[in-house]
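Below are two complexes that have chain A in common, paired first with chain B and then with chain C.
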Partner chain A sequence: MFASMLVNGIITGAFYALMALGLTMIFGVLRIVNFAHGEFYMIGGFVYVLLYHNVGLSIPFALPAAVVVGGLLGWLVDKLLMGPIYTDARSMRQGRDEYAIIVTFALSLFLVALMTKLVGPWSLQGPRLADGRPIAIAGVRVSPHQIIALAVTVAFLLASMLLLNHSLWGRQIRAVAQNRFAAAIVGIDVRRVSMLVFAAAGALAALAGAMLSNMISPAPDVGAFPAIKSYVIIVLGGLGSPVGAILGGLLLGIIENLGAFYVSFAYRDTYGLVLLVLVLLLRPNGLFGEIRREV
Partner chain B sequence: MARQPSPTRPAAPSSRSQLLVALLVLLALAPLPGLGLGIYWQGVVIMSLYYALLASNWNLLSGYTGLFSLAPAAFGMLGAYVSALLWTYAAVPPLIGIPAGMMVCALVGVLVGFLTLRLTGPYFALTTLALAEILRIVALNSFAITNGENGLRVPTIFDAQSSYYYLFLFLVASMLIGLHWLLGQPCGYYLRAIRNDETGAQAKGVRTVFWKVFAFSVSAGLSGFAGAVVGHYLAVVSPSMGHLMITGLIISMVVLGGMGTLLGPVVGALLINVTSEFLRAAGDLQHIVFPMLVILFARFCKEGVVGRAAMLLRPWMLRRSEGLAKLREARAS
Partner chain C sequence: MASRAHAVRWSVALLCCSVAMAGMPQTIQAEGTFDIGVSTILTPPGSVTQGVQARQALELVADWMNDQGGVVGKKIRLVVGDDQGTTEGGRTVAERLITRDKVSVITGQVSSTSVLASLEVAKKHNVPVVNVNGWASGIRTFGYRGVFNPGPYTTRVITATVDTLVALGSKKVFGAFDNTDAGFNLQKELRSQLAARAPGITYKDVTLDRTAKDYLPFVLQMQQDQPDVIVSELIAPAGYILMNQLFDQGVAPTKEVKFFEMGGMTDNPDFWQNVRESGKGILAFGHYHPKFKLPAIGVEFRKRFVEKYKTEPGRISFQAADALLLILDAAKRANSTESAALIDALEKANYEGTRGQITFDMTPGPTYHQWVDVPYAIYQITKVDQKLDDTVLLKQSDGPLDISLIQDP
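Right, the complex of A and B next:
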């Protein structure tokens, strides 16, 4: 039983990691928290389910379409709303934080209300990625759907980490995250990097939403909890740390699944808060965060 | 962006004139039930005044101290639940339950503040958001204790709705007078110093962490108080009081009204709650329209309606004060 809880935890955690990775990259590059992240997830789920059920696209087309829509949405958010964070003359920490929190939080509520208006307040269950009976591997029963979902998620996580660590774009992202001014001085287009990061974050969150649409049916307000969990995860892993986001996601997934079994199922969503309190109390910089001072 | 006021020099006129305008607005509302304002619209005004209380609290945090809590509605809900639970399980009367709700919220404010406000960065906003959603989920899922979505029935304090109308007018008025007084005290200056330049304030010897925790716990306590009172007005306390949509409405009220102005949240609350009634009739548009307006205001009109009006009035105010000075000179000579 423990093993199967652990496996379930890892599967859930991989999806959390997908969301948290984008969020932590946005924080690394723009030094802001995107409070509309859960809505990228929600819209990804909806696009996938609607394309599959209403348009009749098959899964191999609907899934990438959802990812592309999520990416476009992220790009648009950066293009239309994040401008003042760069151009505002008094872009001190205070003014920026204020603007970012108000605007992304309002955007989140706006997107929820808009989707409620467009598709209704109901939830729509997504299709399974693969049919078939659960397979027992070393005593742990997993369905083919779960295996494929996990494989795709892990592939995306690995690809993101590879791109981040070894490609030119990834190096630019890391450079901007390390020091924006120095990055601009050596000729990196900071504005383009931030659009890239926002688009990637939107795409990853939309992918998570689409892949989870079979287990957690998309509804307009479905994004709140995955988003809150990714906030906990990025604090747990250390703000701005991609490795921290992935390991933090796995850790939270495992803790939640074990807690749901051994402590209480109804309150499984609250374990994140307990974890958050412990991290803030004992290690505010997170597991993989670095202590940074801004001048 | 050059038209925007610099953060160190508030565009608004002295908060005393704002206090006077706000009190006049409340005074103008007072005779309405006697003049035939129906029960329904009385209820709308009462809820506007409840939101005005929450919005003014939130403004103390965001507009004056620079802290962005995403839990104002959740604290209202928590205060209401404390009083409701005390009534349901210990038959504690509302007059004790309401202060108890306030104390519990203030205490939670101290704890969360102590955890998050030692750190700079987005920790505070993130933790308050997580706290808000989790409080709501606990209230929703603890069916055996809280009756879940259906909520708890609580007794009312008054029989007549107009009594609540006057009670809330009185509460908003005393809250504004209290805030005005607080902002004139040294600690009011500390709070604004923290908002303008936290490092600078610290260098000048302001105990920034202490005052930030203080502001948060005062704001949480007052929200809990307002929530507990409104719970006894609505006669039912349910998790929907703490929904993030409500927090969104409160933020809209402050941003549209004018952050960091005494009058702004009250004007915003009345404006938004009354407009909501019409937008609801037009097909539940209020949750789409207000967030959109918030984004537009944050982008193009950061000072809000009241701040903008104050900027427009400023030349006139200056001329008036110059004229007064000349008059005084003439009298002296």
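Right, the complex of A and C next:
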């Protein structure tokens, strides 16, 4: 049973990582916490489910469409709401975080109310990525849906890390995350990088929403759950660290599952928070966070 | 400065839009109307599905009766508040409906938590509450004279559940309850009734957070320590998630492990939008089944409901309709819409509602001011997308349980 719980923890953790990766990228580049991140997840879930059930698109089309809509939403949010605040590299250094917090918080409420009006307060279950009863692998039972969802999630996480580490855009993102001012001086368009990061964050969150829509039916308020988990993960892993978000997500998933099984289900969400407190006490910058030094 | 102004502009605009879309409360008092407070769930964390069903039924009955001239010369006006199925929501909405909107009676509550929270407020102002769907025993055992219960109650639900478990020949049962007042109450009652009436059944249970999205650790526990029957009280959407995860892991429903749904979710209008294969084969407890013999007013209500909403009414619809019809009947008999007169008249109710002849028990305890014979059914869902009408009816409240009709999933 330990193996089952471990595997389930890894699967859950992979989804958590997918949700948290975009949030930590936004923090890395803009130094803001996007309070509407959970709503990107919710919109992704709804787009996927509605395209599948109401428009009749098959999964191979509905899933990418949800990712594209999530990306577009992220891009729009940056263009319309963040762009005028962070006009250049200098303005990014001037501590505009409080405006971003207010704007993204308002956006979160707006998107929840909008979806409630558009699709109603109901939850809608998404389709399975594959039908069939669970398969037992070395005594661990996993459903075909979980296997495919995990494979897609891992593929996206790997692709994101490859892009971040080995592509020109990835280098630009990392450069802006390290020092926006210096990045601007060497000719990187920090506004474009910011938009790219918001679009990527929207796309990743939307993908997570779509992938989980079979197990966690999208509803207008569903975003609160991934948002809270993501905040815990990015602090746990180290604010702004993509590797920290992935490992933090996996760690949280495993701890929650083992704790729920071996201690008590009633305190499931508490285990992650206890871990967070311990990490903050022993390593205040998170597991992979760096101590920043301004000169 | 420009960016500061920009941020403030966007924030204000977004917040204003959110508030506008969420719906502004009704505050205008009308002259010559019978103002009835409706406290129900319109936004999470409570079951919005149930709240919307109640609101739809109440609005239908109010319009229907207004078309017939209203009651005691007044038009019926519903003043709606969203209690979210929470303690703070239940208390705040009750306070606002009574003190600001000056309603003389409150109904519409679909969660035990919000009913319990509103009781003290209603008692303080001597305003009657006609509870639509609060199951918890505390609502009755407090013995408040102004509270009336034409809907389901814990003792009845659990008695029927234990009867079913015994008839199924269960040896090992696992219960799943949510962390609400109704959940705790049902959990306690099931433990106690099983210990008294079926000591041979090995029983365990768990409390699950109704806002959680992943019950897999619990599901895997069921996989390891397989029971004969899993009994679930979780309401939507938590109940849907649990059912899907149990099915995905191949735990239930199966030939070996039956799933008994006693939270009354199966006639929710969004049931099949959220539950597909995992709904096939489950046993369900319900307070309404289309095969019930309905009184004339029930038949008429069902007809009007289908015409207006293009869907079959569920148990909550009937319960809400009866709550409002009882209030109107009391007003008619008292020839008054004053709270005190309504309480007196409701105590003497003997009214043929949409589901049967409703009277209220006066015995102190868990059936105080309760319609004791509230009907119920036990049925099995045998196909995906199955209409309630086509489910296999295993038992009506006044008949025996026929387990020979049960089909393997």
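Note that in this section the second predicted complex is superposed on the first by the 282 of 295 C-alpha atoms of A that agree within 3 Å, B and C clash if a C-alpha of one lies under 4 Å from a C-alpha of the other, contacts with A are read in each partner's own complex, and residues count from 1 in each chain.
In the analysis below, a contact is a pair of C-beta atoms (placed from the backbone, for glycine too) under 8 Å apart; a residue touches a chain by one contact, two chains touch by 3 or more.
A quick note: this is a predicted structure, and the numbers were derived from the prediction, not measured.
Student: Between chain B (first) and chain C (second), which, if any, makes contact with A:Ala106: first, second, both or neither?
Tutor: both
Student: Return first, second, both or neither, reflecting whether A:Leu273 touches chain B, chain C, both chains, or no partner chain.
Tutor: A:Leu273 sits against chain B, while chain C stays out of touch.
Student: Figure out whether A:Pro134 sits in contact with chain B (first) or chain C (second), or with both, or with neither.
Tutor: After superposing on A, A:Pro134 lies in contact with chain C but is clear of chain B.
Student: Looking at A:Asn8, would you say it contacts chain B, chain C, both, or neither? Reply first, second, both or neither.
Tutor: The answer is second: A:Asn8 touches chain C but not chain B.
Student: Touch check for A:Ala219: first (chain B), second (chain C), both, or neither?
Tutor: Only chain C is touched by A:Ala219; chain B is not.
Student: Considering only the contact definition stated at the top, list the common interface residues of chain A for chain B and chain C.
Tutor: 81, 84, 87, 99, 102-103, 105-107, 109-110, 112-114, 116-117, 225, 266, 269
Student: Report the residues of chain A in contact with chain C in the complex, numbered from low to high.
Tutor: Chain A residues touching chain C: 1, 4-5, 8, 12, 53, 80-81, 84-87, 91, 96, 99-100, 102-103, 105-107, 109-110, 112-114, 116-117, 121-125, 133-134, 141, 143, 145-146, 214-217, 219, 221-222, 225, 256-257, 260-261, 265-266, 268-269.
Student: State the interface residues of chain A toward chain B in the complex, per the touch definition above.
Tutor: 27, 32-33, 35, 81, 84, 87-90, 92-95, 97-99, 101-103, 105-107, 109-110, 112-114, 116-117, 224-225, 228, 231-232, 235, 239, 266-267, 269-270, 272-273, 276-277, 280-281, 284
Student: Looking at the complex, which residues from chain C come into contact with chain A?
Tutor: On the chain C side, the touching residues are 2-4, 6-8, 10-12, 14-15, 17-19, 21-22, 42-45, 48-49, 52, 179, 206-209, 211-218, 220-221, 223-224, 236-237, 240-241, 244-245, 248-250, 270, 273-276.
Student: Where on chain B is chain A touching in the complex?
Tutor: 1-2, 6-7, 62, 66, 68, 70, 115-116, 118-123, 125-127, 129-131, 133-134, 137-138, 141-142, 195-198, 244-245, 248, 251-252, 255, 284, 287-288, 291-292, 294-295, 298-299
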